[in-house]
Amino acid sequence: MLVVAAAALLLYWPLMLWANVGAAQRSLNSGAELGCATALACATQLRNPVLPAPAQLGRSLQAMSVPPLAPTSVPYNTLVTARETVVGLLIASVLGVLLAVALVGSRAFERLTLPWLIASQTVPVIALAPMLAVVLGQYGVQGWLPKALIAAYIAFFPVAVGVAAGLRSPDPMQEDLLTTYRASGWQTFWTLRLPASLPFLFTSLKVAATAALIGSIVAEISTISFSGLGKMLAENSRASDTLALWVIMLYGAGLGIALVAVLGLIERLVTPWRAGQSR
Amino acid sequence: ANVPVRMQLKWFPQAQFAGFFVAQAKGFYKAEGLDVTLLPIGDQSPIQTVATGAADFGTTWITDLLTARQQGLPVVHIAQLFQKSGYTLVALKSSGLTDPKQFAGKRVGVWPSGNEYPAVALLKKYGMTTSLDSTVANPSVQAVTYPFDPSLVFPDKVDLVSAMTYNEIDQIVGLGYPLDKLKVFNVSDFGVNLLEDLMFTTQKTLDSKNFKNSGLSGQEVAARLVRATLKGWNYAVANQKEAVQIVLVNCGNTCKGSGTRSSAAGHQTWQMAEVAKLYRAGQTLKGNAGLLDRVTYDANVKQLMDLGILKSAPSAGAVTYSVWEKATGKKAK
Amino acid sequence: MASRTVALGRGRTGRLPGRGWLALALGAALLLAAVWNVWSFPLDGVPPGRKATSLALIVLGLAGGISGLAALARRMTGLVPALLAALLTLLAVEGLLRAYGVPPGLIPTPTRVATALYTSRSVLLGDARVTFVQEALLGYLAGVGAGIVVALAAVRFPFLERGALPYAGLFASIPIVALAPVIVKAFGLEWPSKAIIVAITVFFPVVVNVVRGLQSASPLLLDLMQTYAVTPAASFRLVRVPSALPFLFNALKIGATLALIGAIVGEFFGTTGQGLGFRIQIEAGRFNLDIVWAAIVIASVLGIAFYGVISWLEMRFTSWHASRRQPG
Amino acid sequence: MTAAAPVPTLRGTGQPAVHLKDLNMVFRGAQGDTVALQDANLDIGQGEFISLIGPSGCGKTTLLRLMADLITPTGGELLIGGRSPAQARQERAYGYVFQAPALLEWRTVLNNVLLPLDVMAGSQQKMSKAARQARAHEMLRLVGLEGFAGRYPWQLSGGMQQRVSIARALAFDPGLLLMDEPFGALDEITREHLNGELLRLWQETGKTVVFVTHGISEAVFLSTRVVVMTSRPGKIEGVVDIDLPYPRNVETRESPRFFELATRVRELLRRGHGFDADG
Amino acid sequence: MTAAAPVPTLRGTGQPAVHLKDLNMVFRGAQGDTVALQDANLDIGQGEFISLIGPSGCGKTTLLRLMADLITPTGGELLIGGRSPAQARQERAYGYVFQAPALLEWRTVLNNVLLPLDVMAGSQQKMSKAARQARAHEMLRLVGLEGFAGRYPWQLSGGMQQRVSIARALAFDPGLLLMDEPFGALDEITREHLNGELLRLWQETGKTVVFVTHGISEAVFLSTRVVVMTSRPGKIEGVVDIDLPYPRNVETRESPRFFELATRVRELLRRGHGFDADG
C-alpha cells in the first residue's frame, strides 16, 4: 500500500507541473500579473491551479482545519455533512431493504413499480432538490433533515437492487428445505433470504454510502444551507478559491472512505462465517 | 410581540444586501414591530420560496419577477432598491474589443438560470443572436454557460464574461488582471437597463387582513418592511465602513474575494461602494428611494417583449405602488 | 424450485382478470371526470363546489384503479402494468393541480408537459443526443471499461487489491459535484468533460461489484483450475469471470441510472449551449417548468430504456444463473 | 427420542401413508422433454419402511420431491396420508434429507440442527429454548458429531456435513421421513452404525420411512419392502417384500434369507438397468 | 483410449509415484486445531491402484488435496514422482475427481467435459477441435451420459453430475488419477460397470490411481493395495495387499480370497474406528 502511495506521489509531481505550466502560460500570455516570472515558476504557486502543488495544498489544508470546530473550518462542516449522510444512509437502507423485500415477494409489485423506481433515479436530483427543499420548507422541515432525505433518495436504489439480487441468491435446495418445514414467507426471509443477502447488502451499502454522500452535498449546494461541505464548496467555488475546493474535496473523500471502512468493519462483525473461508 | 417576517435574499450574505443587514443590526425592523429573519439562497430563484410560502417577502431581479408572473405565479413588485443595472460584460483590453458591434463571432460566458437576459438583450440590441436561442440556426455569438466562478472560463475559454460591477469584476482583478488590463462593457451604458434588486411578495400576503394573526394587514407589514429596509439602505450607503462591518458579521466564507483580493473585508468594501452607486441613482437621486421608475419599467417590459421572453405585457397587478406610498407617505407619480 | 418466485407471496388468491380490467376502466373514467370537472377554469377561479367534487372523484378513481391494477399486474408482464399505473397517477395529478389551481410556474400539469414535449421536440431531441449519446453513453462505456480493468487487476494482483483499491475508493468517494468544477476547468466546457464525470461516477460501483463477483467464485472450481495448472488468466476467464457476471450486471444497472444523472449534473457546471441539463437550467430560470419537466421525462425514458437494454443483456448472458431457472 | 414434544404424524388415520396412482412427471426443456417418472403405482402403509433403489437418473429424487410437494406431477394421483401433498406439507407431516447436505453456511452445526425447531417453534408445539437445544445436541450425538457443534459447515468433511443434515431432519420428529441417499457419503462402519440407529428409531416411533439408497444390502437390511426402479423413462420395475424377522442385527446380514432377498433385488435392478442400451 | 495424444505420465521415471514421509496436516481454527493427518508414511509405486478407506472425517480428502498441491502440509515430506507436488501440478501430472461434482453451471455437460481439453490445448499437445469433441463424446459414452451432452448441470440427477465429473477427469488422460469417492452417488450396477471400465483403463494405460471409497468390496476388487485410515487424528492404520489375480471379474467378487481380504479390511476399519469413542 505504501509503495503504491509513493508511486502515485512520484507520478503526481510531473503531472501537476505539466497541467499547471500550460494554465500559467496561458494566463501570462493574456497579460495576467501572477507575481512570478516564468510559467514553470508559476506552476507551483498559481492561485487557480489545475492541480495544486503539494506545498500549496498543505498550507491550505492547515489553514482550513484549525480550529477544527469553528463554523468556518472544514472538519466541523465535514461532521455536519457526515450526519446528513449517515442519517440519509440509514433511511435509504431501511427503505431499500423494504423495497427489495416487496420486489422479490410480489411480481405484481415489481411490475407496477420497478420502472418508476428506475425512473426516479434518472431524474437529476440537482434539478429536483431545490423543489423538494421548497416543498419541505413549507411544512417546516428545514436544516439538515431535507439534505438527509435527498441523500436517502439517491442511496436507496443501489440498496434495493443489490438486496433484491441477494434475496434471490439462496441455493434452490436450501429454499426447498425451508419449504418442507412449511416455513412462513417471513421465516424463510429471516432464516434464509436475509442471511444469504448480507454479502450483497454490504456491497451495495458501500456503493450507497458514496451515493448518499454525493446526495447530501448536492442538497447542500442546491438548497438553503448554513453549513456542510456542499455549502463550503458552493461559496468557495463562487470565490474562485480552487485550493479551498481541493481541501474540501479531500475531506469529502476522507469522509467517503471512512464510511466505507466502517461498513466493512460492520460487515466483518455481522458475517462471521465468512472469516477465513475466503481464499 | 414582534411580527415574525421571513425575508428571502437573492444570494449568500454579502454587501449586495447591506441595507437589510444594517436595518436588522440597527434595530430598524424592531422599531417597526417586525422580527425579520434574513434567508440566504444559492442558485435557485427567490420566487420559488416566496410563492410556496417558505418565505414571506423576497428580493430578486425584474426579469425573474415578470417571467414568473407570466407563468401564473401571483407575485407583486413592491419596491425597487437598485435603480440601475450593475451587469457588465468583461473582456481583456488586449482583445481589442471596444464596441458591442464587434461581439459577432465571439464566445460569451453567461450565468444561466435567468441571469443571462442582460447579455442577450445587449446582443439583440446590436442585431446579434446567441446560441442560447435554440430556434436560431446560425447564431452570431456562441454563448457558454458556467457557474458563477469566472476563473472557470475567463480568459482562456471565452472572449467576454459576464460580471457584476460589485462582485465578479473584483474577482477577475484578483486573478491577476488589474482594471487597466480589462475592458468593461456596462450594459446600462448601452441602453440595456434591466432592473435588478427589488422587493416583492405574493398577492395573497398583500391581500391578507390579518398577517400571521398579528392584527396587522399584509399591506401594513409590507409597508413597514419597506420603510425599515430603505432606512437601512440609506444608513448603509451613508456609513459604508460600518455597513461593511455589519455585513462581515453575517458571512462565513461567502464574503471573500479571490486571488490577491481574497480578503473578505477588502472585497466587501469594494462591493459596498459599487452597490451604493446602483442604489444612489435614478429615483433615489430625486428623493424617492425605493420607487420603481415607470419609464425604466416600461422600457424593461418592452425590451423583454422584443426578446420574446415575455409573450404579453404583464398585468397591472404585477406592480403595486401602494406599499411604497404607505411606507414613505409620498405619492408615486 | 416450484416455490422460487412466490416464496414471499404465497397464499394470495388471484382475482379474475376481467374484474381487474373493469375496476381499472372505472377508476380511469372517474379520474377523467375529475379532470373534466375543473378543466376550463382559470387558476384562481375554480368554484369550491367543483373542487370538492373533483377531489372526491380522484380519491374514488385512484382506489378503483389501483385495486384493478393490482389484480391485473399479477398476470401481465412487461411495461404495461407500469404504464397503466403511470396513466392513473398522471390523471390524478392533473385533476389535483387543476382543482387547487397550482400555477404552471410552480408545477405544470401533465397535459402541459405533454404539450411541451411535442412543441419543443426537435430542441429536446438535440439536447438528448448530446447528453445521452455523447456524454452519458461514451462516459459509461469508458467508466465501465476502466472499472473492469481495475477490478481485474486488483483481484489478479493481490498487492494491488491491498495497495490500490483503497485509492480507487478514495477517488470514487470524491463527490462528483465537488469534482465537476475541477474537471470542467481541466477539460473544457464541451461534452468530453461531462463524459469524464460520467465515467468517474460509473467507475466505483463497477469496481466494487466486480471485485466482489470475482471473489465469489466457488473455491472448489478454483481448486479444479489449480489441478489443471492453467495460467491464472485462463482460470480467470473460465471460472472467475462467469461467476462475476451476475455482480457485474448489478453494477451495470446501477451505472445506467447514474450515467444520465452524472451527465446532467456535469452540465450544471458549464456548457456550450446544448444538453438536457443545460435546458433544465435555462428554462427553470424562465419558469418554463413544462419544458423542464419535458426534459426530465426524456432523461427518465432514456434512463429506463438504457436500464432495459442492460437487463436484456443480463438475461442473455446469465441465463444459467440459479435465480433465473424456470420452476421445475 | 422421548424428549421431543408430540408432532402430528400419520399414524392411525387409516389411510395409506403414501398413495401413487399412474403418477407421471415430465420435465420440459429446450433440448426436449425428459420423462422422469412414468405411470408409477404404489401404496405405502402407515409405519412401513420403503427403500427406493434404481439406476442413477431413474427418478428416485423426483419421486421424493413429488411426495414433498416441491414439484407438482404432470399427471396421475398422489396422496400423502389421504391428503394432497400440499396439505401434508402444510401440516409438516414429513422430514426431508436431501441428496446434498444443503446446510446454511452462516449457521454453526448446532444452529443448522436447531433450524427446523426454531422455524416450527410456537406454531403447534411449545418447546422451550432449552429443550430445543437439548434435542439438537441429542441428535448431534446420534450422528457422532457432538464435538463439532460450534463449527461452520465449510470446516467439515463431506460425510460430516451429510450427517448434520440427517440430524436436522430427525430433530423435529416428523411422522414421515423422506431420505435421499442419506448415508451415501459415509464409510461402511458409520453407515452400519447409523443403519442400526435408524432402524431402532423407526421401530420405537412407528414412523413411515421412504429411503433412497444405492446399497442393496442396506435396503434389504432396513426395509419392509424394497421398490426397484428402472431408468429413462423412470418406472417401478418391481417390489420385493422383505420378510426378515426383527430384531435385525449383524446375524441378519449373514442369514441365507438375506442373501436370497439381496439377490432378488440385484436381479430386478439388473433387469431394469438400461445402462448399455441408452448409455 | 488410444485416441488421446500422449500426456506426460509418471511411468518409467523410476521414482515411486507418491512418497509420504511423516506427513502432517493440522488445520488451525478459532475453535481449536484439527489434526487431519498425523505422521503418515506411504510409498505408492508406479502403476499401482491404491484405495484409501476410513471413517468419515479421517483425512482422506485432506491427503488427496495434499497430493494435488491444493494445500501444503504442515510437516513431513511429500513427493509426487520424485518431484514436489507443486511441480507435478504444473506438469499436469494428475487428474482429480472431487467429492462433489464441481461442475461449471454455465457450461453444458459436453462443455464441462471439454474443459480440461480446451484448457490444455495448445500447451503440450496439439489436439484438433474435432478430436477433442470426439474424445469428450467418448468419455460421456463411457459414463452412460451420451444423450445428455447438451444439458446444463442443474438438469441432471446427483449421480449423473458425478459421472460428468468422472468423464471430465478421464478426458485428458493424466498419468495419476486422484479420485475422491467418485462412485459414491451411483447405484451398484452402474458402479460395478464403472468399476470394470476403470480397471480396464488402468490396466491398459498403466496409470497410477489413488482412490477414496467407502465401499470395502469396491476397494478390494479394484486395488493392488488398500490403505485403511483411522479418524481424529487421521493416521494410516494399516495396509492390505490385494493379491487377487487378473483379470478380475464377477467371479473374483465371489472367490473366498476376496471375502478373506474384505474381512481383513473391515476388521482394520473397525479397529481404527473411533466412532463411539469420540462421537
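For reference, chains read A, B, C, D and E in written order, and residue numbers begin at 1 within each chain.
Convention: contacts are C-beta pairs under 8 Å (C-beta built on N, C-alpha and C of every residue); 3 or more make two chains touch, one makes a residue touch a chain.
Keep in mind that what you see is a predicted model, and the values were worked out from it rather than measured.
Colleague: Farthest from chain C by Cα centre, which chain is it? Let me know.
Modeller: So the farthest one, by centre of C-alpha atoms, is E.
Colleague: If I average the CA coordinates per chain, which chain comes out farthest from chain D?
Modeller: The most remote chain is B.
Colleague: So which one's got more C-beta contacts, A-D or A-B?
Modeller: A-B
Colleague: On a C-alpha centroid basis, what's the spacing between chain A and chain B, in Å?
Modeller: Here chain A and chain B have centroids separated by 35 Å.
Colleague: With chain centres taken as the means of their Cα atoms, state the distance from chain A to chain C in Å.
Modeller: Using C-alpha averages as centres, the distance is 19 Å.
Colleague: CA centre of chain A versus CA centre of chain E: separation in Å?
Modeller: 52
Colleague: Round to the nearest whole Å and give the separation of the Cα centres of chain C and chain D.
Modeller: 48
Colleague: Mark out which residues of chain D touch at least two other chains, giving numbers and ranges.
Modeller: 27, 65, 69-70, 100 - these are the residues of chain D that touch more than one other chain.
Colleague: In chain B, what residues contact two or more other chains?
Modeller: If we look for residues of chain B contacting two or more partner chains, we find 48, 52, 147, 149, 151.
Colleague: Hunt down the residues of chain C that sit against at least two other chains at once, touch-wise.
Modeller: 1, 3, 181, 185, 268, 281, 284, 322, 325
Colleague: So in the complex, the part of chain A that touches chain C is made up of which residues?
Modeller: Chain A residues touching chain C: 1, 3-5, 8, 19, 48, 50, 101, 104-109, 111-116, 118-119, 121-127, 157-158, 161-162, 165, 168-169, 171-172, 175-176, 179, 185, 188-189, 193, 199, 203-204, 206-207, 210-211, 213-214, 217-218, 221, 229-230, 233, 237, 242, 245-246, 248-249, 252-257, 259-260, 278-279.
Colleague: Quick check on the complex: what are the chain B residues that touch chain A?
Modeller: Against chain A, the touching part of chain B is residues 12, 39-44, 48-49, 52-54, 92-94, 147-151, 155-156, 171, 174-178, 181, 252-254, 256-260, 262.
Colleague: Show me the residue ranges of chain C that touch chain B in the complex, using the header's touch definition.
Modeller: 43-44, 103-106, 123, 126, 181, 184-185, 188-189, 268-274, 278, 281-282, 284-289
Colleague: Spell out the part of chain D that touches chain E in their complex, as residue ranges.
Modeller: 27, 29, 31, 34, 53-57, 60-61, 99-100, 141, 143-147, 150-151, 155-160, 163, 181, 184-191, 193, 214-216, 266, 269-270, 273, 275, 278-279
Colleague: Give every residue of chain B touching chain C within the complex, in rising order.
Modeller: Contact set of chain B toward chain C: 45, 47-48, 51-52, 64, 67-68, 70-74, 112-116, 130-132, 134-135, 142-147, 149, 151-153, 157, 309.
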